[in-house]
Structure formats: structure tokens, C-alpha cells
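Taking it in order: structure first as C-alpha cells, then the write-up.
In this document, chain identifiers A, B, C, D, E, F, G and H correspond to the written order of the chains, with residue numbering beginning at 1 in each.
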Amino acid sequence: MKVEVRLSGSGGQGLILAGIILAEGAISSKLNAVQTQSYGPEARGGASKSEVIISDSEINFPKILKPKILLSLTQKSLNEYLKDVDKSGIIVVDSSIEVECREIANIYKFPIIDSSKEVMGSSVAANMVALGVLSQLIDDIDTENIKKSMIKRVPKGTEKLNIAAFEKGIELFNMSIHANH
Amino acid sequence: MTERTKLLQGNEACVQGAIYAGMRFFAGYPITPSTEIAELSSLLLPKIKGKFIQMEDEIASIAATIGASLAGYKSMTATSGPGFSLKQECIGYASLIESPCVIVNVQRCGPSTGLPTSPSQADLMQAKWGTHGDHPIIALSPSTVEETFELTVKAFNFAEKYRTPVILLLDEVVGHLREKIEIPKAGELEIVNRKKPTCNKDEYKAYEYCEDFVPPMASIGEGYRYNVTGLMHDETGFPTNSTSETGKLMNRLFEKIEANLDDILIYDEYKTHDANILLVSFGGMCRSCKDAIKKLRKENVKVGLFSIKTVWPFPEEKLKEVAKNIDKIVVVEMNKGQMIQEVQRTLGKDKDIIGINKINGEVITPIEIIDTIKEEYLRCLVK
Amino acid sequence: MPSEIVKKNLRTNRLPHIWCPGCGHGILMRAIAVSIEELNIDKDKVCIVSGIGCSSRAAGYMNFNTIHTTHGRALAFATGIKIAKPELHVIVISGDGDLTAIGGNHFIHACRRNIDITTIVFNNNIYGMTGGQYSPTTKTGDFATTAPFGNIDKPFDICELACGAGATFVARGSVYHVPNTIKYIKEGLKHKGFSVVEGLSICPTYYGRKNKKGSAVALMNELRDKCVNITKKESVNEKELEDNIYIGVFKDTITPEYTDEYKKVLDKFDK
Amino acid sequence: MKKTVVIESAWCKKCGICVEYCPVKILELNEDTVYIKDSEKCISCGKCEQRCPDYAIYLQKTE
Amino acid sequence: MPSEIVKKNLRTNRLPHIWCPGCGHGILMRAIAVSIEELNIDKDKVCIVSGIGCSSRAAGYMNFNTIHTTHGRALAFATGIKIAKPELHVIVISGDGDLTAIGGNHFIHACRRNIDITTIVFNNNIYGMTGGQYSPTTKTGDFATTAPFGNIDKPFDICELACGAGATFVARGSVYHVPNTIKYIKEGLKHKGFSVVEGLSICPTYYGRKNKKGSAVALMNELRDKCVNITKKESVNEKELEDNIYIGVFKDTITPEYTDEYKKVLDKFDK
Amino acid sequence: MTERTKLLQGNEACVQGAIYAGMRFFAGYPITPSTEIAELSSLLLPKIKGKFIQMEDEIASIAATIGASLAGYKSMTATSGPGFSLKQECIGYASLIESPCVIVNVQRCGPSTGLPTSPSQADLMQAKWGTHGDHPIIALSPSTVEETFELTVKAFNFAEKYRTPVILLLDEVVGHLREKIEIPKAGELEIVNRKKPTCNKDEYKAYEYCEDFVPPMASIGEGYRYNVTGLMHDETGFPTNSTSETGKLMNRLFEKIEANLDDILIYDEYKTHDANILLVSFGGMCRSCKDAIKKLRKENVKVGLFSIKTVWPFPEEKLKEVAKNIDKIVVVEMNKGQMIQEVQRTLGKDKDIIGINKINGEVITPIEIIDTIKEEYLRCLVK
Amino acid sequence: MKKTVVIESAWCKKCGICVEYCPVKILELNEDTVYIKDSEKCISCGKCEQRCPDYAIYLQKTE
Amino acid sequence: MKVEVRLSGSGGQGLILAGIILAEGAISSKLNAVQTQSYGPEARGGASKSEVIISDSEINFPKILKPKILLSLTQKSLNEYLKDVDKSGIIVVDSSIEVECREIANIYKFPIIDSSKEVMGSSVAANMVALGVLSQLIDDIDTENIKKSMIKRVPKGTEKLNIAAFEKGIELFNMSIHANH
């Protein structure tokens, strides 16, 4: 198996951290994973990008040319990266984002940012909500491992809230699946 | 996942490897994409009684690094292109005074400020020729995070064993990549410490023409009050204008590397046993090569990879051996064609040597390698 | 047979030194030797670091741990040494060119950090080693091989620069005023923090010749005549002020020292 | 304990500094080195030693 | 549609700039534009030279002759430009890192030479571009990515350093005190000789976050609360003194300017 | 002796040549054995309304030199090994921003402080590879005082014509040698000035991808208010992260040199027509070669010399041509073997290539060349 | 001649500086940009323009 | 013809200038000439060396391994360089110098320094006196050309005295020749 995930949004939304936690979760689940991200001034104010490749065999080339899964938390980042996703890909976006795309079948819209506000009182945990959603899209990763990594990586004192946000993401996904099926 | 399985960035693995090897001093000046090395050092060193200092610039950083080395510390500095250019004068000094130390250059796209966050491997030649005057140099270039750890340990070992600066030539691809690494247990990897003098304090010659070419090294403060100078010097370390002393010194500097190539040269072969096309690459680009080979092999194209980890001195003899029965050589590097010059020089004109190069800040993808190979060679190779 | 002070502190087998007849650098080197001797510092713990220049050659003659580095970088090397081993007495010997031209940045940063290093600058107002070009301390109007029509640069006042950059002990002596100079060097060595002792030196070969100032003795006499102790600055009149050179202690304060502060960080992790 | 002036001729570079600042003016230069005209008059002030750039003249303790 | 001052002096097609939300650098860039505009200087004769850093990116946005050079060397490039063409108004924009870390030597030498260049330093007390390492102006105790246990370095006072090195016009403003800052920049531009205007800036992204100082507004408020005009220094008490940051004109003197002096040399050979 | 016949030192001839070529700005920092270049510039420039400044270090010197070039001046800086190492970062900057200027390196024996007054040619590779990142470079190396004058003029011409830094690689042998020179009359040697823009001021693109690869260059203050940056930039001179723009820029930089090799490559042949042994050398060592050839020819040994004046780019094609019918190649250089690597790469393994090298601060004497040739080849060659 | 506040929304990065220092407190942020709650109350002091790091708010002359 | 001359003494005796003037005189006499010298700290206080090769054909290798003529104005410099001179060579020294050498036939001792004192009142023109002597040992150089170069190269105001010193050197040589023959 090999999954290529691109997490995108604006600088400060914590997508790099989310990518790292995802990759670490994969590794703890005895998979291989590599994570890369965008750097430089554009990574601050503007569009930010974190990429994770997860596989059960050796991963050599570490860049993603055609993501299997694209997460976008801002309209701008979706607009920039949508073209890279091929038809069989999956798109996960916040409900506030408009997706004008007919070719891609799997488009998931969730109130990611609002859910964060619900759990945390602000949008800072949107990354963890998103991670919850993503965790349901990638087989073979034990969500417990993601949580362990999360506890290690988030600022002290915020562990519980982040876990709650993560679980909220899982819930969002599962509810929608139930609704659809 | 064991305790020692970690997700680490290449730059982080470099710091972890350095500390494993015994690094207890780091001096640096921030520059993308090497900054994480300074940052992690600043966090970890104080916890183990190590010393971290951010200096006013890159020249001061390498100077402080050499100073700490003379005081007995395993020391390191890290930078990227522009900073590496600035450090060149002092790299030559470290080489001539035989001060062990590790200089990391996380290569980025140049020249000048270039594209600071984009990858490149265009400082390969600079690592050998960047400073004025002839001098020997060891440079290592890892292609994975795990290898970064290992080669950083090796870099310190070589520095200490041969009393010489060692350059760790990372590239942005590896430096900024996070992947799985199994941190070796204490004692698992060999750690070398510098040879210390055992003679009487007044008989000590810091630059003795000894049998293994590497004189023992006393630290400042241990009672061996010797002299260090970047002028040509005699065995005692004092300046000399004598051409014969100068000749002896220079020869010893080269000898200590040349006599130990077996120890110093590190490389890997990947599916070369039956290959009729040989990729030659180093650092992050080995990764693209491997993916390309996997795919080409599926199409029955017999491609192998000679991945060079000790880039300087260049492993000429080994390359000759690997390439003995292969006529088509493809050198894959993110530059305008630097390692290919060494390959050409080593293998001569009988071989069909081409380069796959890119200098626009993008990595070379497996597809590009596959396409080039198909275009250039496939007509004749695949039945 | 050389004198006791020379035998004990210098490498007599390297003497006579390469400096020209009448060069002031030898006087300052002796002053440093006397200072170390009088303070009775363990020789094995003294590390002398220099850059490149006639002045910087001093290191090689002194019987301590001696490091002759690259041009202008002595303080950066010394900083690494001192942080690595704070127990060492690290002394930097530098020239006006070495310290304030190419080495200016390391100088101001060492001042700023207040790291416990004593810097002694042999200021002869010229680049001696390369044959007499103007330096950042060459006076306006003076001649040099690269100032054939008179120097138009304004000189640094090294002591003022050191103060502005944050040094905590700053003094100036001269090769004429040897006892004072020794006193300042000793105070500098005892000072906990970054100390700068400027020693006004003379270069009869280049500075003297180019400026038709005559022999070493004439240059010494000029120092004798122009130097006024800083404590007397208040009482001199405007006109005299201009031509005077002030010697003495310009600054002597105590602020936290760098390696001490670093130790506090280390101590946080002591169990 | 007395101190007498000693000259290490091989090191003297004939700059004349000691000659100039000897308060009792007993030093002089010749072709090769400095020499003491009248050692009796030496007051052991050490001004020559202090300023000799070449350590060629100094006071030595004699008993 | 942007404002007049922006349209006339900035390259609007390059805007919005890359700086973070709330970054103080944009405020200082505007202050420079206003100053040039109000002094009515011929735009073709203005040359803006910068080094590397967030601050140094200003050059590219300004509609003059703009040179974005290498890290720390802006003043050395600018010196070449000014000597070549003394008729140009050469302005250097630099960061605290660019000017006083790697660029410290060129800074003190430009001060010393008193060459007619105006240097405006955007001092945010951090290396912004590389992601928040401590700079030579980061206060002792502050946090940064390379000072995880608190900075033990003593900061430069850029104005004091400039004075010690010989600059002839030295002033400090801030992104809060915009009218003052504009006034100082204008005085600096009019000054014949080397002028330094330090503009206290803010970096909410790195300095603010690392030091838990909150938003851009909070950092601006800190400037508002701590800055005291130098003219009031006499009347504040000891305790206040420590926490205060002084703004205002620190030095304003006239001494011979470098390119003028060079011209005098050239004139000697005029027939 | 005419008015124009002079006894000049190589370093002096460099200044005279520079002024002849139009140099009106010099910034430097003294260092043996290049200091005379600064000293003579300080004396002569003010008399012709030129500007001289001694900067605080070598980095500032090249920065000021580039600054003056942007302001429209023909400008130069001069240094030696340690200073050349320090200038490397800014050499890359000049290359990327396409600022014409001349950088003189009077080579001395290194590494580090080495033997400051002794000759060497060990900065040859550094002249090409010293700065980080790929970049094109032109480097010229004269062997006589007269040639120093001529090649300095050429250096300025190339700098201006191709908007690029040019390195004049002197060595101590030539730099400190006084010999006869016939100063050319005004107008006798071609002088090239940079191409200036003729377009509207708002249409000006300082980095246009034009046909001859060299965009016209406006000076600061002329009303073309363009932007200069050491970041990768587009045609207008503004920073870009685009890989395609970066690729176009980098290609143009190399193209402007590669498309003009006929103009740029300078070399000399001496008694090669019938040679069966070919000496290859550059700079001061050509002198020893010529003396050796004269003596060997007397003994009927057919030796010739290919003396390379444009050392970078390396004249590969011409060397191939000259060496076509010669199997024995001897590369004579005062270093550990640098140019020989280019010769090996160019000529491949069919030729018998040996080096005569010296790295102890002494020049290679004609006798040493003669002895080596006799030892290595004479058995087979002389009847 | 009067001056009115103009906002260039596309450039506003929502730092809130202008909002804070508007002496009559007529500015406010929304999701995308700053906006003027009550332009009538503007006293044309220019404090927003002076300190806006992004030139997104300024006074324009109207006749 | 080819003559290799080494002028040696101590730094400050002006032998470099003398070498330059000699080389320039040769060039004006339509010969080729190259001049080199010792540099560095040792060239100041210690031994100083200036070398001139004069030839009617091209001069390539510019260093002198075996000087034809050695001038030494100090004992130290003679001691250092004597060994390089071969039997057929010529040695010119100041009268104060002792030459312990039996192999070399042509040893000229002249009161060079004293003659300078005589002409100039000090030893500063010893270099020019020596140059006068040397000029008589090298054919093909017109002494007028040496004088022209001297006038150009010596400090303004000292031209006449230097010429006088030079002529004194010529005289010393010719007197001795007359004495010997």
C-alpha cells in the first residue's frame, strides 16, 4: 500500500504539525512514512503545504506529484492544488470552501473549522479535526498511535483538547459515512 | 515501534548523530535550510553539559568551532551555500593546523542567495576546491535520514582519527525530510576519539612526521604548550620558510588520507550485479534513482546504482571496478554536471557517460530518469 | 643569556624575533609577560590567541598555549576556546588592522557578550606586515603606501568603540608608558568580563618612514609628549585637547560574564 | 642585593631606545650593539629593560 | 487603489508584500517613502541598498534604484556606489541581524568614514527571515528558537555603537512613533555625513510568539509604553531608567564627509 | 628605448592595463603578494578622476567593487589566496546579478596563511568552484608582464561584453617580476564598453532573455530604476520562485559564455608543430617550460608547449586538436595537480598524461622539467 | 478639502493595528478585512494610515 | 649574452632599487632584463636580495640559481649566498667583509660604504656606489642609461648625490683595474 497525502491551508493553521503527527502515527503502526513541507516566507502568511507519504515498503522519492488525498483548509490552497489531484483521488475541505470540480468523485466537506471552535473555542485545533477525518481515510494506521504522537507533539496542557478535536474529526467522518450509506 | 524508532528530520538526525558521536560544542549562524541543526543543538547540548553558541556570522562560527576543537572538544558547525562560501578560508586553516571538526553544508539552490528553500547539489566541487591552496578533504553525503545519523557519526570519527576537518554535504531534500530512523544503541556504532600524546611534555611535537601520518593531539590546558599556526610550519608547529619542511608537511597531510582510503571511502551498490546501465549518484538524488530502477527493472531494463557516500576523496578505484562491465553510465545530480567530471576523468572515453542534471531548484524525479534512459539507451537495450 | 622574565615566559629559542629594529611590539610583548608573571598565573592555563600581522606574531614567541589564527578572527577562535574551557586565561593579541579592520565585527561582538577574554591590541596606526598601508587607526592626513596624498579616513578611537560596543574594562597605554601599560594589562587580566587594553605601539619602518617622523626614538618621544592621562582631561584647554592622546582606564564596570551565564544554563540541568 | 645591567649583544638591533631613555646617560651604540660606557653610574632604574624591544638589555640580580 | 504616497514611491505591482500580518516593517517602509516624498528628492537619484532578511526585502518594493545584496554587506556595496557617484542619495535598509550581526564590521566602518549614506535599520530584535533566532539586539532573558532557555547575550545598543564608531547623525524611532520616525529619517537624509536611524520594529510571528507577547497590537503597545524621549532622560529615576527605551536624536554633528574629502584629492589634479 | 618601453612589475602592469581598459574604480584590502596593485591604484587613479578606496576587508572590497560597477564604473579588486576565499560569496553574487568587474588573485602558497611570499598556482580550481552553486566564470592567467597588461585589458573587455565577473589569476612569479613591456598606444588594443539600454525607461528589462544572451545594462542614476537581487529573478530583475524562470535565467548565464568561446578562449602554441611531447601549462610556469623546451630541442627532443591563458572555461576543443598527434602529455603546474584533471578529462585514457607538480613554495625549474621528461620518455624518444 | 478613509481590502492582513489606534474607534475587523463602522465620525487624523503595515487603509483627498 | 646578478645585503640598504635601476638601464640599452627580489618580514631587518638577469635574447625562467655576479654589502648576506656562486663567478663586496673562499678567482673588495659616506655623508648611497662597480662588470649596458634610470627613480633632490656615488663606484673599479694591471 502507498498513500500520498497533501495537507494545505495557510501558515499558522498547524498543518505541518498535523502532517508530522500523521507520519509518526504511521511509523508507530509499523509502516514507513516520509513527511516534507513548504518553507520560506510564503509558508508564513500565504499558502502552507505539508506532505506525507505512507507505505508498507521503502519510500524513496519523497515528493508528491499527484496526491491521493488533498486536504485544504482555505479556498486559496484548494485552488492552487486541486489540479494535481487525479480523478481517483480524495478531497477533504472545510465546509466554507467551494469546490468547483466535477471529475473527482470523492469530495468530503466537513465543518472542520467550526468543529474546532466548538471543541476548543477557536479555530486553532482545526488541524487536529482534519487529522481525525484523514485518519479514517487511511487504512493500516492505528488511531491510537496518532493520539500518542499527538500527546507528545502538542504544547503541554493542550493534549486533552487536541485529542477531543481529533475525535471530533473521526466522528464527523463516520457520521457522514452513515448518512451517505 | 521501539523506543529507538523515531520520526526525525534529516537535520535533526544530524544533531542526534553528532551527539552520539560525542559532539559537545556547536557554533553556528542561522541560514536556511540548515537552521534546524543549530536550533536542535541549542536545545540538546546544555542538557548534556555541551556548549552551544550562536556567533555573529559564519566565519566566527567556524573559528569558534576550531577553537573549541583545539581545546579538546568534538565540535561542529552547520550552514548552507552562502555561509559555506564564507567559511572557506577557515576550512583551509583547519586542514593545515589539523584541527578535527565537522562542517555541515545543507545545500540549497545557488549561486548567491538563489532559491534559499529549494534543493540542489551544486556545492560538491566547492567542498573540495572552495578554499585556496591544495589541501586534502573528506566529504560525506547521505541520502536518507538514517544515513544522515550514521554518516555524521562517521564524519566525527574521521575528523578525530585523521585530525582533519570533515564536510558533511547534506542537501535540502534530505535535510528537510522527516522519515523513520532506528537510533542506534549506545555502543552499537564505533566511536573514535583523537589520539593523545603520551610523551614527555617537553618532547611533544604536535606536527610530528610519524608513521601513521597523524600526530597525537594535545588539548589546550593540558600542559603541552605548543604553537599552532596557519603558516607553513615544522614538526614543532613553528613557522618555517623551508621548502623541504613545507614539502614534508604537505605530503603528510595528503598521505594521511590517501593511506586510509579503505577506511574512508563509503559507497553502496544497488542492483549492479547484472546491470548494463549504471546510475551514479549521491545524496538525496539516490532516492530518485532507486525508484527509477525499481520501475525500470519491472520493464526488464537492467539498471543499477552506484551511490557514493564518501564524495571526497572520490572513490575512483571502486567506480572502475563497478563499471568494469558496464558501458552506459548515467550520472544523476542536481547541478550542472559536477560529479560527472570525476566520473569522466576516472572512466575515460571508452564509456558512454551522460548526465541527468537540473539547476532550477527542482529535484530530479524518477520519471525524468526513466525517460532519459529510455530515450538514450532503450532502443538498443530492451528486446 | 636572557633575563629571567624572558626566560620564564618567552620561547628563547625563537628569539631574536622578526620585528624590525625599534619596533614597539617587543616592548608590549614584554609587558604582557611581566603582567602574567606578576599575577602568577599558571602557564599551562594561559592561552594566547592572535590573528595575522607583525603584532600577531607575538603569540609564537610566548611560552604558553599559543594559537596564531587567520587574519582578523583571533577573537572568534578565542571565544570558542573560552566557552569550551572557561578555566583558561584567554588572551588575544592583535594589531590595529587585525582587530579593527578585518576583525572589527568579532571585536564588537566580543565586547557585547562580555566574555572573559583580555584583548591587547598593538596599535601602530598602520598595516606593518603588508608594508605600510593605512589602517582604521591611521590619523587623517597621515601618509601611507595606499594614501599617497594623505589619508582622508577618520580614525577609530579603539577605546570609544569598545565602550560603545559594551566592553566592561577598557584602557590605553603605550610603549613609552610601560609601567602604566603593565598595570592596565594586569587589571585587564584580573577583570571578570571582556577587557581591552590598547597599547600604542610604533612602526618606525613603515609608519615612521612614510610620515618622515624619524627614528624609533622620535616616535617614542611623540608618544611621551602627546599622551595625557584621562584623569587630567577635564583640566586641559580646547586647543590642547585636539592634539592629545588620552591614556588610562576608560571604563571599569562589572556586568554578568558570558561563561558564567552559560554555566547557569548548564546548572539548570544538574540533578 | 644589587642589580647590574647586562647586555645580550646578539639580540640588540641598535634602535637606540635604551640610550635615549637612560636617565644617567651611560649607554651608547657602536657598529654592532649597545654598550655601557660607565657601569658604575647605573642607578638600576630599569628604564632600558622596560623599553628595549629586543630584550637585549636588562637588570640582573647579583648578590 | 493604493494611496498617493504608495503609488508614487512603491512598486504597487509587487504589493501586497511578503511580510506577515502585523509585521512592523511595512510601517517603516512607508515612513521612508513619506520622508523621500516630503523632501522632494529626485527619484532617479535615490538608490536603496539592502542586505538579506525580511527587512531587506523592502528594497524590492520601493520604486527607486534598488539593490538587494548579500547578507550583511549592504553598506559595503553602498559605499562603492556612493564613492562612484556622490550625487546619488544612497539609503541603506537593513535588519538588526543584517546590520549588526554579520554586517557589524561594515557598519562601524561606514560610521567611522562618515560617508554620506543614510542607514535605516528595521530592528525587530530577532532574525525574522530564518525563523526566530536571537539577534545581537535580542534582550537578555528573551526566548528565541536558538535560545530555548533564555538568551544570555547582552544586546547591542545600536545607537551607542554607532556613536562609538563615529557616526555623525544618530537617532531612534519606532513603528509606534511614526511621526517622530519620519522626522528622524528626514533629518538623516538631509544630514551630510553618515546617518543612522534605528526604527524599532515588531515581529509578531517569531519574536512575539516565542516570547508570548501576544499580537502585533500588544507589541506596539509595549513600544508605546516603554519608549521615552531621550530629552527626558535626565528627569527619570533609576528604576524606570532600566526598563525604558530611549528614542530621539542621539547625536547630530558635522565633520568632514568622505566623498567631499575625496573630491579634494581629485581637485589637486585639476588643471 | 621608446617612451612606451618600460620596466614594470607584473602587478604594476596589471594596474596599467586596467587603467588602459578604462578602470576608474578600485577597492581593495592589502595582502601579499597583491598589495602593489592597490598601492599603484591609489597613486594613479586620483590623477585621472578615478576612485580608490581601501575597504575594511576583502568582502567589503568586492562588494564596493560591484557597487561601483552597478553605478557604471569599470571596477576592479585585487587580492591573494586568503582574501580570494573570503570574496567567494560575492563572486557568485556578481555572477548572478551580471555585474561586470575584474577580480585579481595573485596566487601565493597555501592553504591558509601558508607561505605568503612564495609562489603557487593552487587556486586554479578555486577560481571555478570557489563559490557555492553553479555559475559560469571566465578566468585568465598571464605568464609575462606584457601579457599581464594585455590580459587585464581582455579581462575588462570580457567583463563588460558579457556582463560578468572575470578573474585574473596571476601568480607570485609574474606578479612580483619586473621585466620589459611595450605599453600599447591608446587605440592600439580594442576596448569594449558595456551595452547600454536604448529602450524606453519603463520598458527596460535588466535581465531580458535576449538573443545574444547579454541584456543591456543601465547604471544607477540614469533613470532606469530597476531592481537587482541575488535571489533567482525574472527578466525584470524581481525575485521569483518559479522553476521555469530560474531555469531560463541559469541557462542564459551559461549560454552567454558558451556561445562565445571563440572570443573568450586565449592560448598559445610554442613549437608544437612537430612535437611528440606536449607540455601543457599556464601562468608563470610557462616560462620554465619554454626554457626547458629550448634546451631539450637542442638535444633533438621534440617538445612543444600549449600555454593556456584562458584557464576557465578550459579550452577543451583546442587542446584536443593540439594533442591530436601527440601521445605524451606533461602538465606543468605549481600545485598538486589541478589542470591535469581537466587535461585527463578532455583527452581521456588513450594519452600518456603525467604531471610535474610542486607544492612547497618553490617554482618548478627548467631542469626539473628536463629531468622528468628524460626519465619518463627519453628512452623511447631520443635515438 | 476633506479627507476620507479608504480601504484597500485585498491588501489588509487583519492585524488589527488600525482598529486599536483609531482614536474614535470606528474601525473593526471581519473575516476578511477591516471595515469602517461609522465613516461620519472619522476625524481624518491619519493614525490608521501611518501605522498600517500593509497600506490597506489611508486618507484620500476629496474635494 | 646572459648575465645573472644577485645584489645582497640587509633590508634598507636599497639593493632592490639598485637592481631595478640596473635592469632598467639594461632595457634602455636595448637588452632584455628581469628583476626579482625577496619579500616578507625577512626582507626587512634581515637579509635582502635583489636579482637581475640581463640578456640579449628572451628571458623566461626568472629566478637565479647560480649567479654570475654576487654583490654583498653585509657579511651575513655573503655567508648565505657565497655557496651559490660557481668558480667562474665574480664577487663584489664591501671592504669590511671577509671572504674566506679560495675557489673563486674574481673577488673584488671595495670601500663601498666608506665611499658613500665620503660622497653623501652617510652610508645611504652605498647601493649606488655598488651599482657603479657593477656597471663596469657588465658589458653592453650604457652607463648613461643607468644614470637616466637613477634620476627617475631616486627621491627628488638627491639625484646629483646619487649620480656622484655611482660615478665614485665606477672610479673605484677602474682604479683597482689600473692598480692590478
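Note that a residue touches a chain if its C-beta (ideal position, glycine included) is under 8 Å from a C-beta of that chain, and two chains touch if they have at least 3 such contacts.
Bear in mind that the values here come from a model prediction, so they are computed numbers and not experimental data.
Engineer: According to the touch definition, list the chains common to the neighbour sets of chain C and chain E.
Structural biologist: Intersection of chain C and chain E contact lists gives B, F.
Engineer: E-G or B-E: which has the larger count of contacting C-beta pairs?
Structural biologist: More contacting C-beta pairs are found at E-G.
Engineer: Sort the other chains by how far their Cα centres are from that of chain F and give me the top one.
Structural biologist: It is G whose centre lies farthest from that of chain F.
Engineer: Hey, how far is the Cα centre of chain G from the one of chain H, in Å?
Structural biologist: 86
Engineer: Distance between chain E and chain H based on Cα centroids, please, to the nearest Å.
Structural biologist: Roughly 61 Å, centre to centre.
Engineer: Please compute the C-alpha centroid of chain C, do the same for chain H, then give the distance between them in whole Å.
Structural biologist: Whole-Å distance between the two chain centres: 41.
Engineer: What is the distance in Å between the mean C-alpha positions of chain A and chain B?
Structural biologist: For chain A versus chain B, the centre distance works out to 36 Å.
Engineer: Which residues belonging to chain D are in contact with no fewer than two other chains?
Structural biologist: If we look for residues of chain D contacting two or more partner chains, we find 13.
Engineer: Taking each residue of chain C in turn, which ones touch at least two of the other chains?
Structural biologist: 19-21, 52, 70, 101-102, 104-105, 109, 129, 136, 149, 262, 265, 268
Engineer: Which chain H residues touch at least two other chains?
Structural biologist: 40, 42, 45
Engineer: Which residues, counting only chain E, touch chain G once they are in their complex?
Structural biologist: It is residues 1-6, 10, 15-17, 19-27, 30, 175-176, 178-179, 204, 215-217, 220-221 of chain E that touch chain G.
Engineer: So in the complex, which bits of chain C are touching chain F?
Structural biologist: Contacts found on chain C: 52, 70-72, 101-102, 104, 127, 129-131, 133-134, 136, 145-149.
Engineer: Could you please specify the touching residues of chain G with respect to chain E in the complex?
Structural biologist: 6, 8, 10-11, 13-17, 20-21, 49-56, 58-60
Engineer: Can you check the complex and tell me which residues of chain H touch chain F?
Structural biologist: 20, 23-24, 27-28, 30, 32-40, 58-63, 65, 145, 149
Engineer: Tell me, which parts of chain B touch chain F in their complex?
Structural biologist: Touching chain F from chain B are residues 59, 81-82, 84-86, 88-89, 92-93, 95-97, 105, 107, 109-116, 118, 120, 122-123, 125-126, 128-135, 229-232, 241, 243-244, 246-247, 250, 254, 335-336, 338, 341, 344-345, 348-350, 359-362.
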